[in-house]
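Input: structures, listed below.
Shared chain: subunit A. Partners: subunit B in the first complex, subunit C in the second.
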Partner chain A sequence: MNRVLAIAGVVIRELYRRKDFYVLFVLTALITLLLGAVNFFNDPKIVRYLKEVCLLLIWISAVVIAVTTTARQIPSEKENRTIFPLLAKPVTRWEVILGKFAGCWLAAGIALLVFYLFFAVISESRGGEGTPAPKAAAATQVAPGPQAHDDHAHEPGCCNHAPASPNPWLVYLQGAWLHWMMLAVVIAMVLFGSLIFAAPSSNATIMFIVIGGILLLGEHLNKVALRQTEPVQTILQILYFAIPHLEWFDLRDFIIYDHPPVAFGPCALATAYAAAYALLLLVAAWLVFRRKGLTT
Partner chain B sequence: MTNVIEIRELRVEYPGRNRSEPPRVAVDGLSLSVRPGEVFGFLGPNGAGKTTTMNVLLGFVNATGGEAFLFGVNVREPIARQRIGYLPELTYYYRFLTAEELLRFYARIFGIPRAETDRRIDALLKLVELESVRRRPIKTYSKGMQQRVGLAQALINNPDLLILDEPTSGLDPLGRMKVREIIQRLKQEGKTVFFSSHELGEVETVCDRVAIISQGRVREEGRVSDLVAKYRCDLERVFLKVIGYEPPSGN
Partner chain C sequence: MKPVASPWAWLALLATAVFSIGCTLHPRTAAWRERAASGSILQVVLGEGRRLFANHFFVRADVYFHSGYYPSIFDQAQKPAPTAISGTHERSQDHAQEHERQMAFLGPPRDWIERFGRHFRVTEHTHLAHGEEREMMPWLRLSAELDPQRVETYTVAAYWLRTRLGKVAEARDFLREGLRNNPDSYEILFELGRLYFENDHDVVRARNLWELALRRWSEREGRKQPGEQDLFSLEQIAVRLARLEETEGNLARAIQLLELARRASPAPAALDAQIAELRAKLSETSTPR
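What follows is the complex of A and B.
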C-alpha cells in the first residue's frame, strides 16, 4: 500500500508542478464570477440557467482534467523512460496501475472539492435562488437499474428520493461524491485505454467520444434496441448492459432544482457500481500491462 | 554460497514487425554466474544482447527460454529486486522532482523508515556531491549531475548487487573517475557490481571477471588477467579477437 501511495504522490506532485491545478482555480474563479452576477438579472429562470451552465462547466472540466491527466501517465513513463528505474525496484505492475489510478483519482477529487465548495458557497450565500422544477423534470439518475427512469419519476412513492429535506448542502455533497465516483470509472477506463492505444492523444480523443457517447446516449440505448430487429436488438441490449452508465451519477438537476437528497441506499449502490466497474477496468489494464515487454 | 546472479540457457526472441518476418533472437542460450563480492564486466559490441540480458534480470522483458535468478530468486518475482540497485544507461528521472524528493520517493518504494531515509539521503547526496543542489529540480541539472542522481537512487536501498548499464557513457573524464571511485568503494564494502561498458580501460581497472558476448552468446568468460595472459594482448585486443573482428591488412 505504501508503494501505491508513493506512486500516487508523484502523480499529484506532477500535476501540481505542471500547474494544471492553477488552470482549475482560474476556471473556478470564472464560475464564481458568473454566479456572482445573478443579482443583476433577478430572474429565477436565468439564475437556474446560470447554475446549469456552471455545473456543466464543472462536469466538462472535471472530465477533461481526469482524461488528459490519466491518458499521459503510463505513456509518459515509457517515453521518458522513468518506468525503468521504477520497475527495477520491488514494485509490481499492479502497484504501478493502482498508484497511477489513485494519484489521478485523488487529484480529480481535490479539484472537484474546490469546484463544488465554491459553487455551493456562492450559490447558497445568495439564498439558493433556484426554483423547484416540475416534478417530472427531476430525473432519477441514481437508479442502478435500467427500468428506473423518467417515466416513473413523478409517481408517488416511487424512486429513490428521501423525504424532502431543506438541507441543500447534502445534495451538493452527494452531487460531488457521485461525480467523484463517476470519475473513478472514467480514470480506470482511460488508464486501460492508455495501455491499448499507442499515443496519449488518440487515447484521450477516443475516450472523450466514448464518455460523451455514454453520457448523452447511454440511457437511451435500451429504448433504441426495442425498435430494432435482430440481431441489432440483442447487440444493443448487450451494449446497454455492458457499458458503465455514467449518466446515473449525474445529480445536476437535483442541485439546480433544489430537490431533496437521494436516499442512502441508491447512493451506496451507485458507489458500489462505480467501484465494481473501476476494479474491472483496472484488472483489465493490469492484464494487458503485465504481458507487455519493456525494452530500454 | 548462492551466486548473486545465475543465468541458465537464457533465450530472448523479439517478434518480427509483421507476420512474414521471423522473430529476432536477441539472446541465444546465454549462461553465466556472478559470485558475491565480484565486480563483473559484461562486454559486447552494440546489439550483442547485453541490455536485453539486463532487461531480463530486471524483469522488464520475459525470457523466451531458460532461467535467470538474483540471489537464488527467479527474476519474475518482484521480491528478487529488493536487494539490487539499478542505474540505466541514460538517466531518466522525474524531472519535476528535486534530487531529495526523488530519493525520498524511491526510499518509500523500498519501505525504508523515515529517519533512516533522511540519514541515507544525506549520506548519498554527500557521496555523489549534490548536497548543495538537493532542492533544485532535476531538470536544471547537467548530464553529469543527473548521472550522479541516478547513482544515488541506485544506492538508496543499500543494495547487495548493483547493476550498471554503461554508467560512464557521456560523462567527462572527471565524471568517469568519480563513478570509478564509487565502484571501487562499493567493491571494498563487499558489494557485487554487474556492469556493462564500452570503456575497456575502465573495465580492466575495476573488474575481477568479465564475460564477452556476441550475437546473444557468451564467447569468452574469465578473470581479466587470465584473458590478457591467454591472448597475450590487452583487453581491447582480446575483445576484438573474441568478437571475431579482423583488422584490415596493413594495420
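What follows is the complex of A and C.
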C-alpha cells in the first residue's frame, strides 16, 4: 500500500508542477467573473446562467486535466526509461497501475475541490438564497406569454413551482462527489487506453471522443436503437448496456435549478457502479500491462 | 545546400506579399466595418448562423422556465417540443391540459438503466415563480442580440419583465429596441400598447399604438391567403382596443372593433353577446328622452 501511495504522491506532485491546472482554473475564473459582470435588465440577482457556464467550464476542465494527466503517465515512464528502476524497487505491475490511478484520481480530486469551492463562493455571493418555498403549489396561475389570455390558469399539478433546495451546499457536495466518481471511471479508462494506443496524443483524442459521446448520447442509445434496423439495433443495444453511463454522475441541472439533492440510496449505488467500472478497467489495464514489453 | 536568395530578398518578398494582401483586404474590411456599425460584433462574427444560436438561446429560456425538465432532441423526435413561455396556444382552458400532455414526454422507463438514470435527472414538471422568472432573461437578451429580427423574443421578455418582475421601464426600453429593429411588427406595437395601458395607464398612447398595430397587421397580413393570416393577433388587438374604446365611451368604434375581432375569432359566440350588449347600450344613449 505504501508503494502505491508513493507512486500516487509523485503523480500529484507532477500535477501542481505542471501549468495545466492553473491555466484552466484561471480561464474558468476569468470567464465566470467576466460573465458575472454583465448587466441584464438591471437585475443583479440573476445567477443561473452564471452557474451553468461556470459548471460547464468546470466539467470541461476536469475532464481535460484527468485525461491529459493520465494519458502520459505510463508512456512517459517508458520513454524516459524510469519504468525499469520503478519495477526493480521491487514494485509489481499491479501496484504501478494502482499507484498511477490513485495519483491521477487524487490529483483530479484536488483540482475539483478548488473548482467547486470557487463555484460555491461565486454562486452564493451572487444570490444563493435559492428559490423561496411555494405558498400554493397547486393551481397557481402561470401566464404563458404575452399573447395568451390573462385569465389562464394551469391545471392543478401542472405548474407546481420548483421545490426549494433545503441546503444548496449539500447539492454542491453531492455534485462534486459524483463528478469525482465519474472521473475515477474516466481515469481508469484512459489508463487502459494508454496501454492499447501507441501515443498519449492519440489515446487522449480517442478518450475525449468516447467520453463526450457517452455524456451526450449514452442515455439515448436505447431510443436511437429502436429506430434502427437489424443488426444496427442489436449493436446499439449491446453498446447501451456495456458502456459506463457517465451521464448519471452529472448533477449540474440539480445545482443550476436549485433542486433538492438526490436520495442517499441512488447516490451510493452510483458510487458503487463507478467503483465497479473503474476496477474492471484497472484489471483490464493490468492484464494488458502484465504481458506488455517495457521498451517503446 | 545553398540558399536560393539572401535573407534581404526574402524580407522584401514578404513585405510585398503583406502589402498586396493589405490592399486586397482593405475594401472588404470597410464592408465589415459597415456591418459592424449596423449590428453587434456577434452578428458580424457569426453571420447568418447567429439565427440558429438565437433560436437555441430562446429554447434555453424555456428550459429555465421549466427548471430543467425539458425534452431532449431524442424525446422531441417522438413528440414535438412544447413552448410554455411563448404562448402560441389558442385557448387558455385547453392549454393547461395540452401543455401537461406535451410535457409528459418521459413515459415509463424502458429498462433498468433508464429507470435508475432518472434519479439523476430532473423528472418533475415545475415552472419558475416568485420572481425567479428573472433567470430566463439573460438567454432572451442574448437571443435578441443574435437575431434582432426575432420579434417573439422582445414580446416574451417584455411580458415577463413587466408582469412578473415589475421592471416596466426595462420592458419598455426592450420593446422600443425591438421596434427599432422591426418597425413593421404589429406584435411589438401591441405589446407596447399593453404596457402603456396596463402599467402606465396612458390610454392615449395605448390607443395610438393599437391603432397602428391594426394598420400594420392589415399591411402585412392583408396580402396573405385567408388560411395563412395571423388571426389570433388580429383578435387580440381588436378585442383590446374595443375594451379601451368601451371604457372611453366610444361605443360605436368598440362595436366596429368587436365585429372585426369576430371575423378573426374561432369561437365568435362570446363576441356576439358582447356586440349585442354594446348595441343595446348605444341605442340607450342615442335615444332622446
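Criterion: the second predicted complex is superposed on the first by the 235 of 296 C-alpha atoms of A that agree within 3 Å, B and C clash if a C-alpha of one lies under 4 Å from a C-alpha of the other, contacts with A are read in each partner's own complex, and residues count from 1 in each chain.
One rule holds for everything that comes next: a residue touches a chain if its C-beta (ideal position, glycine included) is under 8 Å from a C-beta of that chain, and two chains touch if they have at least 3 such contacts.
As the structure is a prediction and not an experimental result, all values here were calculated from the model.
**Q** Which partner chains sit in contact with A:G109 here, subunit B, subunit C, both or neither? Use first/second/both/neither.
**A** Neither: A:G109 stays clear of subunit B and subunit C.
**Q** Which partner does A:V224 reach: the first (subunit B), the second (subunit C), both, or neither?
**A** So A:V224 only meets subunit C here.
**Q** Who contacts more of subunit A, subunit B or subunit C?
**A** Touching more residues of subunit A than the other partner does is C.
**Q** Just subunit B (first), just subunit C (second), both, or neither: which does A:R3 touch?
**A** Only subunit B is touched by A:R3; subunit C is not.
**Q** Examine A:T82 and indicate which partner it touches, taking first as subunit B and second as subunit C; both and neither are also allowed.
**A** After superposing on A, A:T82 lies in contact with subunit B but is clear of subunit C.
**Q** In the superposed arrangement, does A:F254 touch subunit B (first), subunit C (second), both or neither?
**A** Second partner only.
**Q** Considering only the touch criterion stated at the top, classify A:P266 as touching first (subunit B), second (subunit C), both, or neither.
**A** In the superposition, A:P266 touches subunit C alone.
**Q** Across the complex, what residues on subunit B touch subunit A?
**A** Those residues of subunit B that touch subunit A are 14, 51-52, 54-55, 58-62, 78-82, 84, 86, 88-90, 92-97, 101, 105-106, 108-111, 150, 153-154, 157, 163, 165.
**Q** Can you list the residues on subunit A that touch subunit C in the complex?
**A** 38, 40-43, 45-49, 131-132, 134, 140, 142-149, 151-155, 157-163, 178, 219-220, 222-224, 227, 240-241, 245, 247-251, 253-254, 256-259, 262-263, 266, 269-270
**Q** Using the touch definition from the top, list the residues of subunit A that touch subunit B in their complex.
**A** 2-3, 5-7, 9-10, 13-14, 17-18, 80-82, 84-92, 293-296
**Q** Which part of subunit C faces subunit A closely enough to touch in the complex?
**A** Per the stated touch rule, the residues are 64, 67-68, 72, 74-75, 77-78, 84-89, 91-93, 95-97, 99-100, 110-111, 113-114, 116-117, 119-122, 124-130, 132, 134-135, 137-139, 141, 155-156, 158-159, 161, 163-165, 167, 170, 174, 187, 191, 194, 232-233, 236.
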